[in-house]
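What follows is a single structure, and I will ask about it in a moment.
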Amino acid sequence: TMQHLFKQIFQASLELQEDDNRKALLVSRKKKPEDTIVDLKGEKVGDGQQRLIMGPCSVESYEQVYEVASAMKEQGLNLLRGGAFKPRSSPYDFQGLGKEGLEILRRTADELDMSVISEIMNPKDVEMAADYVDVIQIGARNMQNFDLLKEAGSHQTPVLLKRGLSATIDEFMKAAEYVLANGNNNLILCERGIRTYEKATRNTLDISAVPILKKETHLPVFVDVTHSTGRRDLLEPTAKAALAIGADGVMAEVHPDPAVALSDSAQQMDIDQFHSFVKNLRDTGLYK
Amino acid sequence: TMQHLFKQIFQASLELQEDDNRKALLVSRKKKPEDTIVDLKGEKVGDGQQRLIMGPCSVESYEQVYEVASAMKEQGLNLLRGGAFKPRSSPYDFQGLGKEGLEILRRTADELDMSVISEIMNPKDVEMAADYVDVIQIGARNMQNFDLLKEAGSHQTPVLLKRGLSATIDEFMKAAEYVLANGNNNLILCERGIRTYEKATRNTLDISAVPILKKETHLPVFVDVTHSTGRRDLLEPTAKAALAIGADGVMAEVHPDPAVALSDSAQQMDIDQFHSFVKNLRDTGLYK
Amino acid sequence: TMQHLFKQIFQASLELQEDDNRKALLVSRKKKPEDTIVDLKGEKVGDGQQRLIMGPCSVESYEQVYEVASAMKEQGLNLLRGGAFKPRSSPYDFQGLGKEGLEILRRTADELDMSVISEIMNPKDVEMAADYVDVIQIGARNMQNFDLLKEAGSHQTPVLLKRGLSATIDEFMKAAEYVLANGNNNLILCERGIRTYEKATRNTLDISAVPILKKETHLPVFVDVTHSTGRRDLLEPTAKAALAIGADGVMAEVHPDPAVALSDSAQQMDIDQFHSFVKNLRDTGLYK
Amino acid sequence: TMQHLFKQIFQASLELQEDDNRKALLVSRKKKPEDTIVDLKGEKVGDGQQRLIMGPCSVESYEQVYEVASAMKEQGLNLLRGGAFKPRSSPYDFQGLGKEGLEILRRTADELDMSVISEIMNPKDVEMAADYVDVIQIGARNMQNFDLLKEAGSHQTPVLLKRGLSATIDEFMKAAEYVLANGNNNLILCERGIRTYEKATRNTLDISAVPILKKETHLPVFVDVTHSTGRRDLLEPTAKAALAIGADGVMAEVHPDPAVALSDSAQQMDIDQFHSFVKNLRDTGLYK
């Protein structure tokens, strides 16, 4: 009983201390109780309405991007993603079109009145990117690229930060803190699956991270169903789970012809699958 | 291009072979396309209607079980779980009431016209258990206790098999195969979280396992939200995700007074929380 | 500074409490400072001399076992392992010869004056096994088969307990505690690799577990280099690491003709490789 | 049997293809059978003699670095490490002295005729760093910071590349390929532990990675025993294992007064412990 009492005190003090540490963080909901809303040309991400960010894995051509973007427009979607700078495990894999890719995204988005989300990997490209993108994505491999986080934090371009391949939720929040601590409050978090022993999926979608991040932080939280599963047949079911659990939105990849895609061909939807994906989410009532 | 061609052939043959192997399994949907339905006193688990299995972590007394069970009855729930034989990491932790616990569960269930689900750990107890329980649970730690699987397979009492702490989905299906191969087709699968590096939750709920298991097998698939998260505040959001992604049901723990529970006090709901849990699931329309 | 002080006190009390818990365990070196020595017909396992436990993965025939065992005898090795009851992921894989396998092991060992180590999976077989084996192995999949641990603990036949596929070192020690708490002090621990995301090896050998277990417990600690790596080319290097870090011995598999082995053919040495394995360990001076 | 035959062909073609892919890589031993030797002012890293890289976690002052460096000199060690740019999970942790830190390392190394190893995190700092360091370290968090790899690859300053927190050995080799593919052959690999569920150590030292990397590549392979274990009491045993398994060297951290270190105080040796660490490695004959 003496020991039991001691344990209780001990446990309580442990929780107190952790609470204190988290309260101190700018990302913490204890520091700022109200939800952060990131305004993307009128789309208020994080306002309670759930949204879809979609587009091809890699930007390959204007025609390719335009075809996906106009299908999105048909469905009333305005948040267009596409990779111009691609982080690839091997130096011999397609590395992306770079700045030319950003130009294609911007041109398409301007023509269709959409917003552009694209990944930046080098701190020196952050300033240039602001001319082309509405949201700078910092990818999983760069979640702890602290110079990149600091640079992105020192501009006002909104940032979408993906969770690292094996980052704890605590490390994820601290990486986010680098952005806010440098002055940029326009931050969106994105769960994208973590690395585990299971090989049936490319990564393991940590769906519980969503309610934890919504509770601990005031930031919008998205779920990337493409990279977390790596399987086309799991995009729709996991998107439903993400919407049901309270994510602010879902990110998924679409390609006019996935079979010839320059990257990640096995996990992108084609245009028909995209339309049925959106329709099915609407039919369940989970997506409005 | 020669190499590319070779890769395609190679990939195709790989998939063919895996398909063949899985088709051969009795658990495979390719072997039996229609859904397996497990009839528990009229509750047809796996028939498309989603169900809740609830009850205390450990059976502690008749009063405790009865209080939880009658709250369940109020909500129209008939599937009562409770632990009599408890697998505990340390020999000095409460090991369960054993057969006395089974008697308490049976008595309560008979009085309230419910079905009992309870874990059995020793092959020699399987036959005895059939007198008390409607479903024998085989827990995560025993997923590859092959003698137990064989014994449970050689009776007709329905079995609920939980995924092992670090079992792949493939190993999970093969463990299930032990039950069917020994003649028992009344099998329910249960995802309960896997062990990863993340410590914000007790385990990491592998929500993607649900659609994979539904696609690959014809068996009902449940999600244990209590053990996968280990956090009371995550029970409701993860239950929503599980229902949205197509699980046949959700399992969760309820205790009249979690603070004094003999096991897992931090993760059980009390009676009030239980009522609001069920109500909230109903309000979303995900649970009917 | 106030906070820093608090942290120090906090940290200190945390360590104190953990120390206390571990001191209380029978396996703890704090409870019993001197090394436990398990006497196997005169081979005093844990006495400071490092030993090799070898033999085929599965017992297939008397001829097969005898061929391996006599090669071992040539090298002065007396600890013969072999699988009679085999835990296999699929019910359609070879399940072992059962009791007949134990008889083959015993006959061979008696003829050559060796000791037998073999796995038992069912609590009901523990008593019978004592007639055939000198050491009952409890395998990784059964590390938390608590009825088996209790049964093995209630006899005096020495036990070799393998670490579970994803067991923490703390859980491993508590599983060991089940054996000692039931009265059997003749226990050997065996690290055999843990499950991680890395696929270059079958499991990931957690070599650091050896010095931790030697420090925390008074029990002999072995390393199974066959199951931790799953690769024949890694048996010798990892055995060197195990001996250098202070393991009490190494376990590895040998088969007269690995290519036709009924289980685990890719990871067993043949007789020539076995002789060169032992010779090379001797040449480095790590093995005497 | 038909199926068995097919499996064999299939397996063979699988291995052939993987072999081909790896042969194509510049890091592959199939491409260049002889060992790569990195010359650091006469210390030929990778020539068969095993070496120690040591020094403080963070550079804090000239006095601190000098004290450690002269202790190293006493033991005949010439490879001095120290962190000037520190990757830290939280923006509020000590971020290192930056360029001033590099100046301190250079000054000390010049006075004592030693070589300097220090981490660089931003591609733009690679050129500047060449004026101060003899080896640019690319840390675990930046293993897939591809712009940094490319930049380091385009200079001739030797590079020490650490394995990412959850990188596969295959990804590690491909990250190394970025450096060689850009023209820099002076590359040393460093295993530093991977992230797993086990919490008794900071990371899990994947000791098997050493013989695999030595077999697959022609590059020198080190083991960082400090970050892989995170425990002072495990530095010596794991260093022995690393030397026994064939690593080209061991990296470990030393601080004049670990208790007041600005980072990683729990895992650094003090000067006395350093002397006894080196002496004990020499006494075993594993280190010459």
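Order of writing sets the chain letters: A, B, C and D. Residues in each chain are counted from 1.
By our rule, contacts are C-beta pairs under 8 Å (C-beta built on N, C-alpha and C of every residue); 3 or more make two chains touch, one makes a residue touch a chain.
This structure is a prediction, so every number in the text was calculated from the model and none was measured.
With centres computed as the average of Cα coordinates, no chain lies farther from subunit B than D.
Measuring from the averaged C-alpha position of subunit B to that of subunit C gives a distance of 32 Å.
Centres computed as Cα averages put subunit B at a distance of 45 Å from subunit D. Counting partner chains per residue, subunit B has residues 166, 195-197, 199 touching two or more of them. Because contacts link each chain to all the remaining chains, their graph is best described as complete.
Interface residues of subunit D, counted against subunit C in their complex, comprise 166, 168-170, 194, 196-201, 204-212, 215, 228-229, 233-234, 237-238, 240-246, 284-286. On the side of subunit D, the complex with subunit B involves touching residues 3, 6-7, 10, 13-14, 17, 20, 166, 195-197, 199. The part of subunit A that touches subunit D in the complex is made up of residues 87-92, 121-124, 141-142, 144-147, 150, 165-166, 171, 174-175, 177-178, 181-182, 195.
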